[in-house]
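Next come the structures, one after another.
In the two complexes below, chain A is the common chain; its partner is chain B in one and chain C in the other.
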Partner chain A sequence: MSVLVFVEDPADELAAQALTFARGMDGDVTAFTISGDYAPAAWGQTLADLVGARSPRAVLAAGTERGNEVLAHAAAILDLPLSANTISFAPGSPPTVTRVRWGGSLLEQALLHGSTLLLTVAPHAVAADDGATVEAELVASSQHALAVAPTKRVGATSGGVSLEEAKVVVAGGRGVGSAEGFAIIEQLAELLGGAVGCSRAVTSAGWRPHTDQVGQTGTKVSPDIYIACGISGATQHMAGCKGAKKLLAINADGEASIFAHADYGVLGDLHEIVPAIAAEIRKARGA
Partner chain B sequence: MHICVCVKRVPLTGGRITLTDDQRALSTKHLGFTVSPHEECGVEEAVQIVEREGGSVTVLTLGPAESEEQLRDMMAIGADRATHLVTDGEEWDPQATAAAIVAAMRADEQAPDLILFGNESADAGNYQVAIRVAHALGMPSVTGVKKISFESGSAICEQEVAGGSDVYEVSLPAVVSVKEGINLPRYPSVPGRLRAKRKPLQASSPERPAAQLEMVRLVLPPDSGKEVQVLGTGAEAAPAVVAVLAELGVL
Partner chain C sequence: MALGASGTLFARRLARLRALVQAAKPTRRSGDVAARVRNEVTIVLGQRKLLQRFGPGLMHAFIFWGFLVLAPTILIAMIAIVDRDQTLPWLAAQGWYALLADIFCVLVLVGVVSALYVRKVVRPRRFAGSHLGEADLILALIATVVISLLLWHSSRIALGYNEWPKSWSPVSRVLSHLFGHGGGTRVLERVFVWVHVATILAFLAYLPYSKHLHIGAAAVNVWFGRTAARGRLEPLRFEPDEGESEDDLRFGAGTAADLTWKQVLDTFSCTECGRCQDVCPANQTGKLLSPKLVIMGLRDQLFSGDREAPLVPSAVPAESIWDCVTCGACIEACPVSIEHIDHIVDLRRHLVMVESSFPAEAEPMLRDIERSSNPWGHPQAQRADWAAELGVRVLEPGEMPPEYLYWVGCASSFDERARRTAEATAKLLQAAGVDFAILGPRESCTGDPARRMGNEYVFQALAEQNVATLNQAGVRKIIANCPHCFNTLANEYPDFGGSYEVVHHSELLARLVSEGRLRPARDEQLMVTYHDSCYLARHNDVLDAPRELVGAVGTALPMARSGKQTFCCGAGGAHMWMEERANPINVERVREAAATGADTLAVACPYCTVMLDDGVQSTGDQLRVVDVATLLVEALQ
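Then we have the complex of A and B:
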């Protein structure tokens, strides 16, 4: 079957993954990019026009913010269903898709109807083919009466280690107890050249800004190690830190669900343990 | 300015999700319910805009009879009235959801200047209802917004992107989906809760069309299979932790 893959940036790893996913659908796959500046409704119209002109069986994109947005516009214009953040596809009439819910804590199997199948591929649902380069055809953008485009970019992020890219994240949860309690979390993060994270309970309490929040509705992180201090391990939080290579949980409650996701655990009061780890690091470095 | 905010009732999942026997829903016997986080921020934003600029806030949901609890919660933090599209508890797919919302908006004599959504619902996460509603109503839309201001009939919306924020200007009426972090939603006060009980709620029961994204069953992802290695208890565990950090090369 013929499959079109919309690619925003051919150099992006997630674009390569979407292409690999498309090849897995036994597709005759064509990748394309759209010329000009980002304008979601116009780009959605571009996809709709390609569907009209080429009658592909399916149109795919990576499940990024923009991939999901452009395909949603195309789906709205074509009045077709869209399976967002899909992790697998099984042919059939209609085919069955498996897609991500709850930020990855749950999966859904669904029948995807429609003359043209529209789907986005969840990040890291498949590994990109080795050495695959994305060769994308350049398509001119269509016009759409409702199209809006960004007029400018503001507020470049300030200095310091970005949470999203940090190799070490030291995160605190409700167990930290107060805004002031985060001093020890900050000290450990600084010692390790890492970033401070927190759970949703913490931002809801106003102890930390939302920019520090790791979770389904916060930042998704992928450090070498994630040190979760006083975090219970709610699905909302785990959706943000499941990309960590290793997870160390420090918690007074041995029954906390965070331990089901952890590689390493320390039981006890984080207010004693975190400063003790910081002191031990200084000692190790001083020696 | 009249603002309509679309919200969804979702369970508070806690640490572990369990499914019903038919595998088509979450087992919610022991769970509380809330409004999806992004949407709760949408209601807070609407209330703040109206406090500043005047107008009114309608909160709309499509969901089972029990969703009235969430509509009252949102009226307790300042929404003026509610529209409840009552379902029998079966899930509606994104196209059907958008169509029902569009029909309700068209039937409402008070046409909104701004329709707010959450960027995606906490449970289904389909990322599309806002955009479908915008197209059906012929309104421009912006998603993932973390700051809104107004200037001569337009909404200035900042969308968070890697390395900053993209600024969109859309003429009203418009559809905007927001993300948590745009504000910190207030807690309902006791007088707010009492007032919410008396605020107008309009309910209707639309017919559910056949699903085009037809959920068959829910599946729990495979267990991580991780076995936690306990490094110790209390401050005495510090040397073992530092040894692990050294081993991982992050020291």
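Then we have the complex of A and C:
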């Protein structure tokens, strides 16, 4: 009985975990990668061809976005069930799997049918064997179903820090006053290696693009620190930044509701305070 | 023969229209006969809704009343075609009827000329997208009918055929001087009566094929219009009743086959006058939505016979469906009782529940309502935090219910600005010695935003949960300060087994003031303009109580668009959680408020509080946006 493990990147920790999970399933485990650029339908076809040629008992992949996508394509082509985000496997006929659903709020026990069992392994369901290195066989990608292929690669924008994942977010509101006024916000964000955010009032006024908007109807952020400059703290905005670990508010209006949510507050004109903070940081760094 | 041809064409079309109504989905519009008769008398006969715009309304009333008064002359003319010397017994010999006929011929012509003036010279924007050529043809037909009638009467007076004393026909008598008494006039008399009857028959045949179908459909549609709980949406059923199959269920309107018979009748009744479009806050601030074009698009799809093509986008563009704030201004303005919100919400329901296609930014709201029981995803445990220092009683399970349950709502529980309303309301109720309590963490979103968004499933889950909580607690009377909660609790929860006596906080507070249990000091220098909330004024007729409160604390300065003609703040229909394109509605409304010269913009809704306060920050006007309860509590101190 053979077990195949699809690995996208042999150096990836999650790939090692999938391999460890496969070894627990009792069988000859072979890992393989697919050559060329990522192409979900074509890779799914490659995998289906492999199942046709080798008739393995099971095919596994790490439960990453790509792992799930490629196995889903293969399952559709082979007309077999797929157990995604699996955390445990108990042999039997049919075997029983436990899988994670609804973002982790539910564990489901299911019977997995099929001549070849298809499953992806939920991240961190098992610890990778110590020192386990993945030796993967290289399989050529099927050119047959090449529906999607990269045509061009572009670098990430906004200095490489996305608003959603930034550890520091410096956000400006109506109090910034103009599109040009955001220069000081951008400078501070750059100094701190963070991203620039803004409130709805700012995007409505056309000072910043909607992609920068933090709030109920914009991006939800969860940085270590959120610096809100000239933002009143409307509920619609707070819904987007309540995941921040610490909130620093800079506002000229002492009545602004942002102060009710802030861990630290500075009452005053952001046009003086923000450059002053930036200057202090530069001084401390000796620049 | 002409009569036969015209009658056949008319009957064939009528059969087709009836088939469309019969094939439509069911909806309940029975009962309440007294209110329906009243609507027929005021809206149809009295032209009440048309006369909301006095000039064009009077113009239409002249033509409509003329049509009623002159209807018997059709029969008189037909009899005269067969035998010149015969006529309708009794009526055709009445002098007063001759006078009425003369007067209304003139009034109809005045109406037609005014209509042409409006359409050709004034050219209001509300006609954009309407069938203008069709309207011209119809006006020409009406003019031909009436002019030929007048000339026929005149020629008969000249020939001495007149059935009634000519002194009763001042206009026809004057015109009769155009004709001689000889054979020429005898020929003309025949020509006029033939032209008259032929035009009427042509009109009859053309009528049901044109937007002039409203002549017949409107009166029927008004009869079946909503008579009570106008803010209520028709619930969807997710389980088939006994004897039904799954196919009998509808999840909103995906194709023309999903429309209810009232919705089909709505489309028949539309005469494209554009009054709805003219008052629509989305349309007036540059959005794509025109309620008129929604109804016309649905009608075109119905008449095309295509019952499989998706209504969105082939009849109505998706964008316009999401522009709607469900404020109901269109329904209030519509002279023929078209209920646009039902159409738009049904289209949304299909998009949300079947296609899962809706503005992405609203997704967190739907998810948070489902998961956290409030649209912002705050922890439920913090719901009563605002009340902690005020010593407000939180009703625990098993405790004796208070006289009033104060339903605070999500906005007033969690939003910093709206919380002031909850605090003020609680303080006022305490000052007046009202026995009340709140549910605290056991209160959930009523489901209104999810329902208006089209997610009926989430709404019903919340409705059932809240009704269970309220019924278990033994609640009978509810105070709500949010008009959206108020509307849902009062008008929609009865569908889910929850019937309570619901008052808006402004109503109870106004009563406490009038009973002398609250005694505010009036400050004449406080210049207040009051903004009516759509869900309070238009959907629920609460107009006086907030005004009494404003009058009790300061000087009221009314806005041009107020009462049932109010202009939305921009947050209704789940728009509190959607992005707005084009010009913001709240800014438009704030400009109107600022133009009154007031220093205070009073509101009675937490959504309006937030939206208009945001608007004031955008325009930079010196206006304080504040709930009537806060104004009242300040006047007590």
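The rule is short, and it goes like this: the second predicted complex is superposed on the first by the 152 of 287 C-alpha atoms of A that agree within 3 Å, B and C clash if a C-alpha of one lies under 4 Å from a C-alpha of the other, contacts with A are read in each partner's own complex, and residues count from 1 in each chain.
Just so it is clear, a residue touches a chain if its C-beta (ideal position, glycine included) is under 8 Å from a C-beta of that chain, and two chains touch if they have at least 3 such contacts.
Note that the structure is a prediction, hence the values are computed from the model and not measured.
When the shared chain is aligned, chain B and chain C each come close enough to touch A:234.
Contacts of A:112 after superposition on the shared chain: chain B is touched, whereas chain C is not. In the superposition on chain A, A:281 makes contact with chain B only, not with chain C. Shared-chain residue A:174: touches chain C; no touch with chain B. Chain A is touched at more residues by one of its partners, and among chain B and chain C that partner is B. In the superposition on chain A, contact is made by A:148 with chain B only, not with chain C. Within the superposed three-chain model, A:201 lies in touch with chain C and out of touch with chain B [touch as defined at top]. By the touch criterion stated above, A:220 is placed in contact with chain C alone, chain B being left untouched.
Chain A residues 200, 204, 210, 216-218, 232-236, 257, 260 lie at the interface with chain B in one structure and with chain C in the other.
The residues of chain A lying in touch with chain B in their complex are 38, 40-41, 44, 65, 68-69, 72-73, 75-77, 79-85, 94, 96, 98, 100-114, 120, 145-157, 164, 167-168, 192, 194, 200, 203-204, 206, 210-211, 213, 216-218, 224-225, 232-236, 245-246, 248-249, 256-269, 272-273, 275-277, 279-281, 284-285.
Against chain C, in their complex, chain A makes its touches with residues 174, 200-201, 204-205, 210, 216-218, 220, 232-236, 238-239, 242, 257, 260.
Considering their complex, residues 361-362, 364-365, 368, 375-378, 411, 414-418, 576-580, 584, 610, 614, 617-618 of chain C touch chain A. Of all residues in chain B, those touching chain A in their complex are 13-17, 26, 37-38, 93-95, 98, 122-128, 131-132, 134-136, 138-144, 158-159, 161-170, 179-181, 184, 211-221, 224, 226, 228-235, 237-239, 241-242, 244-246, 248-251.
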